[in-house]
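I have a structure here, written as structure tokens, and I will follow up with some questions on it.
Each chain gets a letter, A, B, C and D, in the order it is written, and its residues are counted from 1.
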Amino acid sequence: MEDLVKIRDLTVRFYTYEGVVHAIDDLDLDIRQGETLGIVGETGSGKTMTALAILRLIPYPGRIESGSIAFFDRSLPDELELLKLSEDRMRSIRGCKISMVFQEPGAALNPVFTIGDQISEVFLLHQRQELGRQAKQRIDSLLGNGSSLSASLRRPFWRWQRRLYNKIAQEPRPFEPRLISHLPFFRRLLWRLKDEAGLLTVNMLKDVEIPDPARVAAHYPHELSGGMKQRAVIAMALACSPELLIADEPTTSLDVTIQAQMLELFRRIKVDKGASVLYITHNLGVAAEICDRVAVMYAGRLCEVAGVEEIFLHPLHPYTKALLDAVPKPGKELQTIPGALADAFNPPPGCRFHPRCLSAMPTCQQERAKLKEVSKDHMVACHLF
Amino acid sequence: MSKRIPKMGWIILAALLCVSLAILPACGGGGGTPIPYKNDGAFVQETIGGLNSLDPAWAYDTASGEQIQYMYDTLLYYDGNHTDQFVPMLATNWTVVNSTAIKFCIRDGVHFWNGDNVTAEDVEYSIERAMVQNRAGGPTWMFYMPLLDRMGSRSGGVVVINFSAIDNAVEVVDGNCVQFNFVRAFPETPFLQIMSNTWASIVDKDWCAAHGDWDGTANNGTGNSTMWTYYNNPPKSRSPLYKGAMGNGPWELDTWDAIAGYIRLTKNTGYWQGPAQFNTVTTKFVDEWTSRKSSLVHGDADLVYVPRNYIDQLASYTDLNAIKDLPELTVDAFFFNQNIGNSSTYIGSKALDGNGIPTNFFSDLNVRKGFNYAFDWDTYISDAMQGEATQVGSPVIDGLLYYNNATPKYSLNLTLAKYYLEHSGWGNLSSIGFEFTLCYNTGNIPRKTACEILAENLLAISENFIVNIQPITWDTFLDKIFTISGISDLPMFQIGWQADYPDPDNFVTPFQYSSGDFAAYTGYSNATVDALIDSARLETNPITRQADYYTLQQAYYNEAPGIMLVQPLGRRFFTKYIHGYYFNPVTPGMPGPLYDMYKSNP
Amino acid sequence: MELRSYIIRRLLLLIPVLFGVTLFIFGITMLFSPVQRASLYITDPKQLVDLPTIIQMYGLDKPFFVQYGTWLGQVLRGNLGWSEAGSMPVADAIWHSLPATLELAIFATPLIIFLGIFLGTKAAANKDKPLDHGTRVMAILGWSLPTFWLGLLLMMFFYGFLNWFPPGRLTDQMQILVDSAAFIRYTHINTIDAILNLNGPVLLDALRHLVLPVITLSVTHVAFIMRLMRSSMLESLGKGYVLTARAKGLDERVVVNRHARRNALIPVITVSGYVFAGLASGAVITETIFSYKGIGWWAWQAAVRLDIPSILGFALFSGVLFVFINLVVDILYTRVDPRVRLGGGLQ
Amino acid sequence: MSDWRFTARQLVKNPLSLIGLVIIVIFIIIAIFAPLIAPTPAGHLHPYMIPRDGYFAEPQPPSEKHILGTTQGQYDIFYGVVWGTRTAFHVALVVMSITVLIGIVLGSLAGYFGGVLDEVIMRITDIFLAFPALILAMAIVAGIGPSLKSIMIALSVVWWPSYARLIRGDILQVREEDYVEASRGLGASSPRVIIRHVLPNAIYPTLIMASLDIGMVVLSAAGLSFLGLGTPEGYADWGQMTEFARNWMVGPPGDPFKYWYAVITPGLFILFFVLGWNLLGDAFRDIFDPRLARR
């Protein structure tokens, strides 16, 4: 299995009035084709930032200081260096090659647009040519079987439309249609694109197991339940079958029964679409459920990466151990991690975990541990090894 | 995207800068810039304020009077710029039947705009209507005074005269003549003056009756013989004439928009003296001076009202025809209140202890004289009036009959002032000292200046003479002067009088008659003066009359019931395209004899 | 809530408001002595001999509730009384003075709102960048300008010097044309009438006269909308759906103008409503300076001349306007924000 | 009081608010040292009345005697604008304190007790808000008679309702907070709860708002003065001085800017005074706008 995304010494900092926040610090991480990689860690450990960094959506006043994110797109011969792409190019990747599902479906959906609008937006953006092609076919069929008088009268108009949509189908950025799409009323001429997008949207909603998708598409977010919203968001993310789907705690805000359905959904998506999934969670149980590999983060650094069984059966990093012990199990009294999460403004030197680490050594306070591969596919950053 | 905006911003800014730079020099040479000739055949003037009513019997303000003047004719009118010689208008001639009757014969073939003939009945109706209406605060007392020897139809708010009295006062005689009967002998000239003014305008009886106005009979077509009182002191809107008009004058009413603030008249082509020169006469009411000024210098207006303060701003416009020093029949004066109300808050301690004045402080002649000598007319005229005024020594001012310019006047003389104040009936005031508050109505800068001049000069005489100055609004001002009780709270006040008709009686009465319009509130009364005024008013012999008024003028100087200030000199700023103006102080409004005027582009 | 019942409820709410306003105004006017209130009818001191008659005639010496009662009775009989300030019945005065004001409002309000929204969006989208500071300084500068000062400067320059934009509503020739029978006054709003009469010159002339007052009003009001738009824009730019939109790969322009702005507009609507109400109930100073005499000017005249019937009439008018605008705003809300239902706020 | 530290940091960080701050400080200095900057001439009774140099109308250009020239009626402009600063602050402070006081009392009553009382008070504010502020103010001033006092009264009358509403809103928020519930639960009396717990937390934004409305108060006062409803002629008041200059906007032809000194100076003083407060206000609103998350 070769890699889909290669993150190397990624560093993200936030420049706030209170000081500089070291959100991510020299992060190395690979996401492989078709796998589900889970990132676990406490809140503020930099999970979400990693995800946003991949999309280059680090919010103000944050900044990607250094590092590289290589993206291996099957459709392209050689890798893409995401951090070096032009903004336009990057946009064509967001939502298309790499898309994201957010934690709060309520917040993620725009309250003033219908579900349908928001999803078809993706199609209209990334699959314009495809839509154009379908629109053209539809017109062809109209021209074909249009025998009635009214039809024959409309022919010239249809012909013109055909040319229009043909252009859209052929060229990536056709002049005439783009002009029209900028003119106030005339942009309505492109209604067929919307129609097509609408159809695709309904299919998409069906895909994510939303009952009566046509009706739901016409609904506004506030008219749907949390689960429905999240499905809609997922549908949006999957709209143009991305290579990488980033899911940022997609189930946290939902109640348990729905969570189960969601996980099921994700598993299925992976199988159907063959997409890789970057699954961010603080819930180890969930991670164990659906991840192939799990990466553990602490205070903006990677502690340990390994296959899911490996990490649950033989955790190496003290922090990982601590995390696992922190999961309540029947018959076993609960272990808590001493101390609080490292201060983001001036993190402890050396290994950032050492203040809370039970097996901390003098070296831990000076130098930080490199990430080394202790056994096959099992990497850990700790001086113990 | 975000970068584009500031660029645009800069471009716009730069553009504006260039434009302004380009233009400023251009408009620099304004002096020579000629005033364009606009609105051919139309007369456009811009003034301030607004109209009150178009009803001749109702209107008592110049603005309304002016418009009425354009739309209606009177029986006779002043000849040129004379105030005591007359030319026939709707009356072909008039004859003094006897000392208690004057007869006017009506011109034939004169038509109202609607084609109705102007008949003797119309004349009778017009004057009787005015007397029937006799609205509170209206001009019609000027008919009652000569005809019925009383000031109005009511007493205590109820009508006390019978209709017959009015009916007999004005009678149609031998077909096309109208005779006016006085209950007592009345001098001819003042009556003719009254009959020349807008309230004596002739309206169309039939039109009025048809539009719901009084029909000329006591019962007004009903069974009730006192029905006419329904039209006595009515609300303004009860008569169709307040906003409508049906006259025979040179211009007809076209539009009056009180809110937008303009009135437009259009030419009456059938005017009996031949159509006027101006097809339209538009009067706009624009309170903003900068705006009026601009309209004038851009030729949008042919005449604008120029406040005295701003005449210099127009000095260098060569295309303006500035007519100056027109002696208007108005006068401003200080009044000493010899009987100040006890409730007054303007006289400090109400006692002569240096922190106030007693309520009868000004009843002492020397105090009044002292104050007169303490006023500086020259400064007042040069600074407050921009030199456009002449000092007057008595209510009888230049331009009135029997004006005697030999009457002595007070002038600034601080030593004399000091002398009189130190030898007052109150003892040596400069050692005792006094303090009171001098009020003027807010916004009237000349009056404020007058107060300041007086106060400063008094302070110069003695630091014990403290006069505080306080502005009060017009309504408070009236409230303080014209209390229902008739006793004013103000120790001194300034007020002006404008001629109703250019007869001295119209001036001596308010200023000197013990129950006169103003004097009544000053506690000034002098039996001999009152008697003289009464007799002079009705004196038919000009010689005696002149003597009486000379005496009265001298009396004012001797008694000094107030400080007569000045008679302002008017001015007109026409564009040079307006011709034919001549000044008659009695003609209401700025444009003057508009019928005789015309507009042409040399 | 169902629209009709909602409107009815609002109109019922109107009654106590109007009652209160008029009672309050009347109360104020009762601070004056009868003489003071009679001074409205005294244009010249020589009329004062008849002061007692005038006071008695208008019942100015009657006790408070008697006078208010008579007025109320009049109003209920559909007669708002006589406006000395407009020298016509109060109802007519409102009716005559409204068009001019409306004309100003109709042109100024959209300008203010769109400019405000545009600038606000730009400023928010470039928070703390020069553009942000620039636009804000401009807007706040305009907001801090004394209206009368700005108006006079403008007039001095554009009429005094350039003679481009004269004051008033129409030049004399055009006014004559408009008053003539050939020209039908549908609305008395010159521009609209000109269009309806297909009369180019009048339209141009009317527009020429509108330029300066409209500029004055816009400059002094735009900051209102702008700063509100900016903050509510900043708010919605921080929202999750904006991140989603970006994650979709949408162009930043689309993100801002489509996703963020639509939500940011919601609070702006209310303020826009008040701006319009404010202008439609008279921009006194602007109307005075440019002698664009409308209802504000009339109300001012009434106020300074103590023309009580006019003031009360104006109070009724502005009360109705206020409630009416609120109504429109609420209805607009439901159009813009699908979550809002009439009567109750968010679901 | 990290709030304050945060606020302060924000203010100095933002150039606009900094400018505003500077402007205001300058005005405060002018106001305090007015008697030193523009000493009242000996024998001049009332320091707030601008000394005149003659009575005639035409403004005179700057000279040694009159640094900024004289305006219509020979009032010394320099003296006028300097002492006018005091007038401005005087009006603003008085109006604001009255307004806030009324606002607090009615607002907290309405907000805390709610129910009928709330309904009544809010209807009353409706009544005031339903009537255009400026014209209501005019009516009042015209009634009481133009003077500084009546301007202040009028402005307070038209200004308080918005504050009553503001405070009511804040109180409604605060009263739901746990600690208020708690202290109520402990049986604290209503006034006690309001004064000890609710007000301190609700009043903060109000005071900020008030201090920032100062600019607008002065602007409105100037507007009234301009409409002739202001201070007596010659009183040191910017609005009135602008009114004096009103008719000298355009100089004689050939010298259109002849009277610039009379026109520009008072206007600029008003402009900058208001600008100062508004700049500050804009920054403050950003800082305290609850809808804007602090980063």
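Note that a residue touches a chain if its C-beta (ideal position, glycine included) is under 8 Å from a C-beta of that chain, and two chains touch if they have at least 3 such contacts.
All of these numbers come straight from a predicted model, not from anything done at the bench.
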item: Most distant chain from subunit D, judged by the mean position of its C-alpha atoms; value: A
item: Comparison of C-D and B-D by number of C-beta pairs in contact, larger one; value: C-D
item: Whole-Å gap between the CA centroids of subunit C and subunit D; value: 23
item: CA centroid of subunit B to CA centroid of subunit D, Å; value: 43
item: Whole-Å gap between the CA centroids of subunit A and subunit D; value: 53
item: Multi-partner residues of subunit A (each touching 2 or more other chains); value: 60
item: Shared interface positions of subunit D, touching two or more other chains; value: 142, 228, 246, 249-250, 256
item: Interface hub residues of subunit B, defined as touching at least two other chains; value: 24, 27, 290, 294, 476
item: In the complex, subunit D residues that touch subunit C; value: 14-16, 123-124, 126-127, 129-132, 134-135, 138-140, 142-144, 215, 219, 222-223, 226-229, 239, 242, 246, 249-250, 256, 263, 267, 270-271, 274-275, 278-279, 282, 285-286, 289, 291-293
item: Complex interface listing, subunit C residues touching subunit D; value: 16-17, 20-21, 24-25, 28-29, 31-32, 128, 133, 136-137, 140-141, 143-149, 152-153, 155-156, 160-161, 223, 227, 231-232, 234-235, 238, 278, 281-282, 284-285, 288, 296, 299-300, 303-306, 311, 314-315, 318-319, 322-323
item: Subunit A residues touching subunit C - in the complex, by the definition given at the top; value: 55, 57, 59-60, 91-96, 99-100, 102, 104, 106-113, 121-122, 125-126, 220, 222, 233, 236
item: Parts of subunit C lying in touch with subunit B, wherever the complex brings them together; value: 32-33, 35-37, 39-54, 56-57, 82, 86-89, 93, 96-97, 100, 122, 125-126, 129-131, 134-135, 152, 155-157, 159-163, 166-169, 171-173, 175-176, 179, 252-253, 288-291, 293-294, 297-298, 306
item: Residues of subunit B defined as touching subunit D within the complex; value: 24, 27-33, 289-290, 293-294, 297, 307-310, 312-317, 379-380, 382-384, 386, 442-443, 445, 448-449, 452-453, 470-473, 476
